[in-house]
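By letter and in written order, the chains are A, B, C and D; residue numbering begins at 1 in each of them.
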Amino acid sequence: MSSSIGKLFVVTTFGESHGLSVGALVDGCPAGLSLSEEDIQPQLSRRRPGQSELTTARDEADTVTILSGVEDGVTIGSPIALAVNNDDKRANDYGHLTGIPRPSHADFSYKMKYGVTASSGGGRASARETIGRVSAGAIAEKVLRTRYGVEIVGWVSAVSSIKAADMTGSNFDRSTVDQTAVRCPDSEVAAEMAAAIEEAKNDGDSLGGVVTCVCRNVPTGWGEPVFDKASALLGRAMLSIPAVKGFEIGSGFAGTRMRGSEHNDLFVRKGDTIGAATNRSGGLQGGITNGEPIIFNVAFKPVASIGKVQQTVGYDGKEAKLEGKGRHDPCVLPRAVPVVESMASLVLVDLALRAGVVINER
Amino acid sequence: MSSSIGKLFVVTTFGESHGLSVGALVDGCPAGLSLSEEDIQPQLSRRRPGQSELTTARDEADTVTILSGVEDGVTIGSPIALAVNNDDKRANDYGHLTGIPRPSHADFSYKMKYGVTASSGGGRASARETIGRVSAGAIAEKVLRTRYGVEIVGWVSAVSSIKAADMTGSNFDRSTVDQTAVRCPDSEVAAEMAAAIEEAKNDGDSLGGVVTCVCRNVPTGWGEPVFDKASALLGRAMLSIPAVKGFEIGSGFAGTRMRGSEHNDLFVRKGDTIGAATNRSGGLQGGITNGEPIIFNVAFKPVASIGKVQQTVGYDGKEAKLEGKGRHDPCVLPRAVPVVESMASLVLVDLALRAGVVINER
Amino acid sequence: MSSSIGKLFVVTTFGESHGLSVGALVDGCPAGLSLSEEDIQPQLSRRRPGQSELTTARDEADTVTILSGVEDGVTIGSPIALAVNNDDKRANDYGHLTGIPRPSHADFSYKMKYGVTASSGGGRASARETIGRVSAGAIAEKVLRTRYGVEIVGWVSAVSSIKAADMTGSNFDRSTVDQTAVRCPDSEVAAEMAAAIEEAKNDGDSLGGVVTCVCRNVPTGWGEPVFDKASALLGRAMLSIPAVKGFEIGSGFAGTRMRGSEHNDLFVRKGDTIGAATNRSGGLQGGITNGEPIIFNVAFKPVASIGKVQQTVGYDGKEAKLEGKGRHDPCVLPRAVPVVESMASLVLVDLALRAGVVINER
Amino acid sequence: MSSSIGKLFVVTTFGESHGLSVGALVDGCPAGLSLSEEDIQPQLSRRRPGQSELTTARDEADTVTILSGVEDGVTIGSPIALAVNNDDKRANDYGHLTGIPRPSHADFSYKMKYGVTASSGGGRASARETIGRVSAGAIAEKVLRTRYGVEIVGWVSAVSSIKAADMTGSNFDRSTVDQTAVRCPDSEVAAEMAAAIEEAKNDGDSLGGVVTCVCRNVPTGWGEPVFDKASALLGRAMLSIPAVKGFEIGSGFAGTRMRGSEHNDLFVRKGDTIGAATNRSGGLQGGITNGEPIIFNVAFKPVASIGKVQQTVGYDGKEAKLEGKGRHDPCVLPRAVPVVESMASLVLVDLALRAGVVINER
């Protein structure tokens, strides 16, 4: 188990869906930052289940408490412990699963690895684990915003085959994204997406999709070649989110079909400095930020938990029919948006602190 | 700069194209492994420039020397230092670049970050840096092969818009891949790819593409949730390779367009145990290996170095014409195959050593 | 701030004396270990204030709660979060300190580093921080004891100039140590020590001393040269405890005055294997355990918090008289014993997990 | 094996006495530092064997080469690889040892751990491993000196029972230390020490002793509580040096016998700021530098390699006489001085880079 991320802004998450609480520990947050639970709760609430018809019926308030590291509303340089209680533990929702690993779930691989089986099946593979990420991410984001003016906005750009227009160049914020329950700022397409999700829900099935994320106002010089390039760390962070199967930055897979002469971002004068005329690089060159917005896509598979009957086998090799009874999301994409934003914040704040050192030394 | 990868099998690479040598240091290789330069040279030779008409005209032997960690042909548990001399340093190939950052290269971002400019422009962004990765990867691979029987095979599955058939289910090895200079086992498509690369070369242009990689015989239980899932670490490793813009595992982006009921890998009996009937998960569930082959794709952009004239600006903001004169690859894909395989080896051997601990504890 | 220790058994502590709670997060504890709060509480109770006349009058129950990582009384491989509430927060005990840094305390250096001042002065320099260490250490110790039979026993071997006889060769356990409030198994000397502590207490003064610790039944092969030698990591762990100013292993400083021919531990037959006839090495050679007991000493300075009036200056440079009013220990040694044992456990369990890997590879 | 030290200024050493070369890799050295082999060689020459009658007769030039990371005499931010060839490999010096582990050497514990036996016995336990430390330390020291004005001076303060006067308050530099071959600035005592070493040499025996080290002009705020306190990291670094058995900072073990009221360092006005009137803390409070000189002692045992016949047993349990034939130092203390200074540099430069981040954030 490896539950920590970051080198100087180190975040460790803890908790399963059936313990007393879930949360995170943030070690390395700079002292002197004003901070309270109110800075953290909004993103948690965008992540929580039960927020709309499109999400799971599990309804949890997910209220965060700061246990340490803040005095008189200000960080003091010490580790910040964050906890959210698990209120709605219906262990028996999963009780029927004993002996039959759920297809494309972590039940089987966890059991092979750890020998024991958590009552929820995959233990830390639970989506509830992302509460710690979002709590810590909100702190990271506050550092990025107040010190550097960095703005991070994610949205659902595709649900199944339904794609939104490319809006990576538009300058909207989270309030625009939140105008639809599906969190797609292209409102027409959002309605189509919502309908598709409803349909899948009624079928006891699930849908995947893509979250696109833009990070604006990122200074130049963030990213540590060769193994901690910003692209590498963003990719790792996103691929660590449950259900993620792909990541691309800038032109991504589509860019592989262009010629170098079409793909290269030529330089132009930008005020007192120079910058790229286009942004196929997605804000990075050689893994280091170049001052242009960071743009990336994250692929989420359709969630494995479905209501439909599945014909599978148990650990004993005997044929078995599996019918989902837990309360699951037909499509995690709307709730995944704050998780993606949070992971981007965690990566960037760590690179910011690391970059500071190098730049100071010149 | 962050030049190390791995937690227990720790690899640190060093060297630029214009210093005395490039190489790597491997700390944590188990004692008792028989090892000599002959175990390392083959992959280095598959990576070296000048190996075919499709690659750069730079011709370097890239002969590796083991400086430490091996006595009487056996590893003794100490760090293994590996060095390859830089024979062909034509610093003046880049001399004309002073003052004009190459578009979509790391020149600009390195200068912003480090203040100084390496004579080669991007310093560690040079493709020569991958020599260290491949040297260390060959050792990792030997550990994986001799102890676990793991087999890792990568190939070029797309060059620009030319796609090979899906061969992830076939059981070929590297000799099949090496039958064509382009390293695509689909021989008809390989010829098309080679023709396209030749054409781009003649145009002074470059092409991108996709490397697909399969890792067979990987035991269950490798991968450390939640941040060091095998998918997350593979993604990070691949995205740290120069020119990589995307990574997907299993069904990847295509999988986002399927329904859960289509996408789920149902379990079936497999001999004495159970396994997945299909492999849309790409060998992992919850980030932990499930015994099926690991399958992933890596997107390489068309290389930024092209011969064509580019209209750009210098650091001073003045318009400038840039015409490439260095000896570059029109398409890095064929040479990227051993790099992808090496990075996969480095990730897997580290997870193997980490998994060993947990499994012992049960 | 760097609040984590360990590479595979990673412990992160959190909390100050004036926040909601203090505790620790244990990531990497093997799955399948039976565990409850009852395994942790005994060492916490040996550490808690108010346990005897010799310690501070602060009286806190220090009851631990496991928030995650354990289901049905068994560890499941996930991070184990541990929390202890702060019941007795008398912030105003320190209210008189504003503007005057306490001599030989962390008030001044924390303020220089972090800019802010915790209400308790040094924030994480509080002895309460060690609660997290002891909680996590109890888990580490259970792994060591159940899997390897390792036994760790510490005791007070000196208070000020009062020294106990050398008992490193005796085979007593913690119950013997706990027969006196001062935790010295040499009962006659213990009485002298207690009298000296009482006297210092009455004078509003404080005393230092030495804790000696023995780790028995440690297998050979633990310790990772060259920078993570067992001696190096034990030293680091002990020197990270508040008030510690020195560490020596085996013959330590006294050994520097011997000749090599006197100091060397000759080998002799021991049953089926061989071992050292003497143990001046303290259980390690080349930083790797050799099967003999690990023996080390830890020097604690007299605590800086005293009742006596001190003539010092404030941050403004003006002369000031400082008179301690907080409730402090006249001598931390008796309560430091479980802290030393816990830190030894944390170091050893991590080396055990790391050693496992190497040994498997042969 | 764990051959790396440092978090941002990461040093990895490599090499045994019988491979092609030994050296180090420095990753994280700030760009823009002027650097050549001439900055490194002086400390290496102070460390090299054969420099005086008091050291081993092995005579090696130990000339360092920079393989990467420096262009035109300036660091470019990339990893700096440093290598020193092994010229004088007399493997047969140790050939008689097969089957008989040398008492108090690492032969036995290395064999237990790694299964194989290096031709030199303990492999990385060789004093030659410290070449990498000293090479890297010289770079660290240059960063500390040029950016912060830090001065680090170590000397031999005791050989066996012969103790120099306390000179921690004097302001001498390395040239004073080097006036005697024994590297003790107290010239009268130095002569006594030299005589004692000669006598031990003639007896085929060895002596231990103490190195004292002072680091001046260290800014406030370096050190990362709670586990990476400057005292903890210095202790770990020193205890990782071959033959070290103890470490104490400031008043150390002697301080344990004082009362708090005697031990506390009262504050006084110092120019525009305040500082400590005395320095029993040794430059640290709460593990963070307080602006006073850092002062510490390192205990070296008498080296295990002696010429005298030793009565021991072989791995087979049979009695055996062992007579040293290798060329060893009768007392490593004089050559240990640059090693201690180098390790102090490595710890401090890393804490400097880490501190930079936090201070910026206020």
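Points to keep in mind about this one:
Everything that follows uses one rule, which is that contacts are C-beta pairs under 8 Å (C-beta built on N, C-alpha and C of every residue); 3 or more make two chains touch, one makes a residue touch a chain.
Predicted model, so just to flag it, every value in this text is computed and none were measured.
The most distant chain from chain B is C, comparing centres defined as mean Cα coordinates.
Ranking B-D and A-B by contacting C-beta pairs places A-B first. Distance between chain B and chain C, defined via averaged C-alpha coordinates, is recorded as 46 Å.
Note: centroid distance chain A to chain B, computed from Cα atoms, is 26 Å.
Centre to centre, using the average C-alpha position, chain B and chain D are separated by 39 Å. Touching of two or more other chains is recorded for residues 1-4, 7, 13, 31-32, 77, 110, 113-115, 124, 354, 358, 362 of chain D.
The residues of chain C lying in touch with chain B in their complex are 7-8, 30-33, 77, 143, 147, 353-354, 356-358, 360-362.
Taken in their complex, chain B has these residues touching chain A: 1-5, 13, 101, 103-106, 108-110, 112-115, 122, 124-125, 129, 158, 160-161, 200, 205-210, 220-221, 223-229, 231-240, 242, 244-253, 255-269, 273-274, 276, 280-282, 284-291, 297, 299-306, 308, 310-315, 317, 354-355, 358-359, 362.
Listed in rising order, the residues of chain D touching chain B in the complex are 1-4, 10, 12-16, 18-23, 25, 27-28, 31-32, 65-72, 74-81, 83, 110, 113-116, 118-119, 123-124.
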